[in-house]
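What follows is a group of structures, each given as structure tokens.
Common to both upcoming complexes is chain A, partnered first by chain B, then by chain C.
The block that comes next holds the complex of A and B.
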């Protein structure tokens, strides 16, 4: 058996509540990380996974403390070690790659200095040797021109580059154990796939053990040998990656896998009801009891122990796991297909719209003229039918949110026209827009923490559109608020609550309720599920679909997550640098032949299946602005033809599946190149 | 970058122009004028006319404003009423005295404030923080006229260590002035230091809780190295603007302290010239104090810009 790098025994970490009660965040965790092994730790927010990762470095956040147990690195308990001794282990023996590299790099220090600092602390190299080593490390994480990079400040790098710098810094001390806390969350799809590929390469190359903490089963599937599933501060499942992801024998993992939208099985995933219990909730019995479809009376009264099953090499905390052993893999894919009643009745017509963020010159401001030959968003033509769900997909900087803002009237267009209900032109400026149109188009934002006023109760939040657009008052208003809340499955009980007293999913439901209270014709959804946990995401998607079927609402759904888009949309528009690349019915866009950019995006999607590897066909370079002329994707296109792509804007072609592709390459040739029959 | 500086300087001048207009017209609309003040009871008939003639007050207001503004631009504020001294001669020593007081307070107060702020933040909620924070909050809440009076009572009257009030002539040399400023400096520093220490404390605490400091700890950076390299440069950047406002306040706003200690600074001159209705001096003071605020804020903004790599490269790119 391989030697253990880190052993955690009966670790319990918690805090003392304001009432003086001791509350555990981690409960009795025991596990071992072996040499050369990559362990994925999965769980939703609040499951204690980050606390566990930090404890593995002997670090406990301000306010938390160790209640019992130990964290042994080889045979030294990190949690009882003096700071001075810890300084010799942190960065040298155990290194951390943080979630948000952008915020984890000190803003006033150059990249080179920050790597050098780690080298100075943990190696005996001299100045010249260290300089060489910095270049080597930056090279290893595949950053272009390392010497120039080293002289840059963190904010001068893109998100993906910052994450690579964090990796380089972690590798500086040649650690035995690398801890990665959500290292790809917040990165673009293609960047994420590239960073994961790099991490895999480093694991193989250096033989370092890794602990990979993430909520994203897709990422976990790509890197891990073994997976630990955490729920409410406990380990509920621990075993080899394939058996965990293909035949999960814990009901929570089963539900989690079912709630992930997948490219391979279009339609809405099943959602899990309820939410994770808050830390400190008194419980007897299994902590998953309330959300479990397999539960029986025994589960309510007795809590199961983590039981090791020899022939699966898996530990599981469930009384009923035997029932799950025989559940077939295909059962993970049960999905509800969407069936929208799309009328051939145009509700929104976006024609030749361009939007510019360029700062106006003083004279242009006076003349109310926008002068920008290369606007952020250019020449967008989209028609949306009543009852349809149209998705806008693209990476950050693709202009998808910008287009939403223009439809909502929050951003002026430079050129073009947006028409509502066939012939009613929507005013460019919110102030001059007819209140009826304002009511007809509602917006739901990505982050309900920021879009709900923290000083308003749920009642006040939902009452605003009702008072504003319908002039409701008194009992009538209250009755209507309750009615709207019930539609999003929140009871009357929520009326007096403040947003901070709600869970993430509940908050987003309130935001949905607020949008529907206006009885809109069109709802603009801006990354509405991105900030939510997977199980909650599935519930919100299902809710949105049900409401749509009830009210016949039209959705314009912006997301960077191709699987989510596949699940909910009728039609998809793919955007790159503010220019349309491809548009068509979603089942056709998700099929080859596609626009090369769609191909790149689809290839980078991470499926929660260790046997499906992402295909990396293009470099993940970041372009700051669209090219002056030619095709918008010329800079990264893996199938670039030559000068024609650089000089001429490509024409629209109708693909054989009925999707439109904007490319110089003939659809037949695309088909051949993308290797399909 | 240069363009930005020029733009800011231009904006500063516009601000000063507006300030001068406001003070000038304020003085215009007030009942009474220089001549009625000067002549007091004889302010009627031929004497008043002669005075108007002599001071040029019978020309239209805008003409007087232009000739006054032209003078100011050349550094000439005209004549004061009391004693008909050149205002430049009145202001010169006062500006110098205020500078001495301000520099002494800055040299003593700011280092202490930074030190206390950093100590309280690093030992947050521990004994040093509790003790220092209690004292700073206490000295923040005592009005300066009380603390100044108490200082005089204890140090000057009971202990007889230092002079209680400043009784040197306005134009004395700095070395003669120095022993006199000890008590005013202590009184001013108490409030100033307390405010700044609280500001520094919260700024340091905020940075200590940031992801990059956690990262530095997890990188194995020793504690004090982390504090000096990763925490302080980022935490003290926002303090620059507070320091700047404090300096501006020290140069003209410490009116109460100057009056209690009878200190011949700009603050006391403001009070004196207002009560004497010496309007030309009031006008001059308004312009001078405004230019102090404008220029010190400009310097502070530029320093922030230079020291913050994020803002610096942003400006260069544009």
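The block that comes next holds the complex of A and C.
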């Protein structure tokens, strides 16, 4: 027998509903984790992937229970073990790295103390040995100057560093199996790439088996040897990473891969229709039947078994997988190219805008003046044409959302002005801004759970702008609401629903409907797809594009996801620390030569392809504040020239492809450097 | 069916649903039954009381409970049973309307403070803190002795003193939702503050405020009875539990029934309201055990 670390046999976990019905969350899961293997578990939210990962530690969430099956660690069934015995396994043999390290570290204990605690619990080392071990562990996760780091509190570290500390704590007990639950979700692209690289290194270095749970196929591709795809509580595909991602033989994975926007192919990805069934709704047939493009009658009535295919070393749960084996890889790249007619007709002119979060002194407050020599956002000049999609990209703290808020009037600008429709200056203050301009600029937020009032029906939500701006009432209002909902592909039937009764994608559609109900000229989209599942993300992007073609709306699209931006935008502005680095047509910005920061960002993008590795050019340092003078990117720039970058604000230069780059390095030199490396 | 009707039906359904959930647990069912019993008793008791509550008869002084006088008689020869079933009427009315007033002013001020924040919020909350530091019973005694003990004085005075706590709860609940994007979105659309309070905030804080109000009701009942006990509540001969306990307590050693009956009435009502409020909170999904009352 292969040295299996963990074997799961026919595991079914579920709960009893209020009506006394037994509902399964995980259905008949069987798999084996071998020694030294990294297994990626992918699935959309609600697919049961986290429940499975927790079961691997012998933990079942409150309210759930094991219906059948077992979860063997070596030969002990974790799910039947007593808590006391589990204590010897958890942390020592199996360790877990949670999603948000910032929340899982105790805020008022020093890093060193917290690692020491883990060591005390899980090893028998003496005090001096433990001290040595702490430095060793911090070194291993590549934190600079471990002795100083151990004396810090969690809030003094950046998100990436906190995640590294979590990895160090998990490694404290020398575990045989490491469970990672979305460990890089929520981190910046560059940080994410660095953490993944570290995990890869640790897997090789220590020979620890890893289970990597994520919804992000890009991250999974980088770390896993084997991938398990989950759908609605079942394993639908299980096999080597290359065969799964390059030639997916289950229609769900096939569709999922098609719906991911990629840097290499411009245009919008295909979307998958429908959404995952809720637990307890499926009676007979394949759980993917409703959304499957390959389905036939047989699939409706009989549910397929997980079938092992020898040639591919892959298990698949589908009757029709043979058809998919022959589908060529190239077919994956059928993306719709978008073609926007952008007229040179300026609708918004942002000139010399600076925004400061600095607290006003009392006197300044009276004089209504902001005194801050180093504002969060400085010197932003962007013109936006009618019908254009402009994207603002950058990592967290780059000021992209701040700019969006000040366009919406939610934040006062310190300097500069924003002009709408050529000559109408937008007031700095929401209260004095003309209602017509408020209507003309609408916002869509990142998380529809937060942006829709949970106590309002869809009808009430969409009626807000219609009543406010157009004074509609009664039947006319109802008719208009239905009309708007139909535009976003939601029927009349949704009117009486509450947000909690809708899926993530449906909620975001309602938010889109609310924005469009105001008949706006400009829609500000703040990370509108980042809270959504991949298949839903593609559908929302497609919807936004169609609406834009119908109404000629202008979008300002904020995102940290460069692939999404590539798919939807006409023009891209790259921001670092509230300063513009580069701006230009998106196809040009995505080509080298470009600003060193754009280069770093592009290098860190994770493609769902195990053969495309991210290029890590710069250190993942996180800067708290923009530098007082000189180039904003000087602290992290891999191509820094010297004092000139530290003292002088770089000039704008026209790049080779018609994009504007703000850098001291000449475009020709950039080209040389970036091509050589 | 038109959509409006459907929505009204939905709202009614929701209320029934909440009551059904409350009654599904034994504690909720007991609480609801006790409360309902007291309310019905308060409304209908004048129709069937066996004796006149103010009829004094020295020959019947301090009789033990018998088939004729179920709960015995008090020191003035009045029937204790009659006075007990009538004794909750004033208390229930005064505290019910008092709680309503407390809910209204406490809720609106709390939401307002939570919404506007900044200096105004700071100043108002410090004033509330200052009021919280004054022993309410002293302040009440002062008000009552200056303005008299009519219900028209008692209701607003009690409403004011018990609304202070609600201000804090409403403000905290508002703070929970104020940073959410749907409020930001309403602001960016240009809705007025009043419209934001009414449409966006109120539906989200209503439950918390109502539960708090229900809890305050039972506290206010205790407070009102204390006032009566001290002689500052209703004036005799109106039957009132607090007053009855006060009058009969000196004779407790040999006429325990005259004290026991009103105590039983008062405590059962308070337990009933408390259990109901708890079940109400649970049915609305608010766990009071994790949030200590302020």
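Everything that follows uses one rule, which is that the second predicted complex is superposed on the first by the 671 of 677 C-alpha atoms of A that agree within 3 Å, B and C clash if a C-alpha of one lies under 4 Å from a C-alpha of the other, contacts with A are read in each partner's own complex, and residues count from 1 in each chain.
Simple rule for what comes next: contacts are C-beta pairs under 8 Å (C-beta built on N, C-alpha and C of every residue); 3 or more make two chains touch, one makes a residue touch a chain.
On a predicted model such as this, the values are computed, not experimentally measured, just so you know.
When the two complexes are overlaid on their common chain A, residue A:100 makes contact with chain B while staying clear of chain C. Look at A:409: by the touch rule set out above, it reaches chain C but stays clear of chain B.
In the superposed model, A:468 makes contact with chain C only, not with chain B. With both structures placed on the common chain, the touch criterion links A:306 to neither chain B nor chain C. Contacts of A:496 after superposition on the shared chain: chain C is touched, whereas chain B is not.
Contacts of A:592 after superposition on the shared chain: neither chain B nor chain C is touched. When the shared chain is aligned, chain C comes close enough to touch A:433, but chain B does not. In the superposition on chain A, A:456 contacts chain C only, with no contact to chain B.
On chain C, the positions that touch chain A within their shared complex are 3, 6-7, 10, 180-182, 184-191, 195, 199-200, 203-204. Within the complex formed with chain B, the residues of chain A that make contact are 54, 57, 59, 62, 83, 86-92, 95-96, 98-100, 103-109, 117-118, 121-122, 153, 155-156, 166, 169, 173. Chain contact summary for the complex, chain A toward chain C: residues 408-410, 430, 433, 435, 438-439, 441-443, 445-447, 450-457, 459-460, 464-465, 468, 478, 495-496, 514, 518. Chain contact summary for the complex, chain B toward chain A: residues 209-223, 229-230, 233-234, 237, 307-310, 313.
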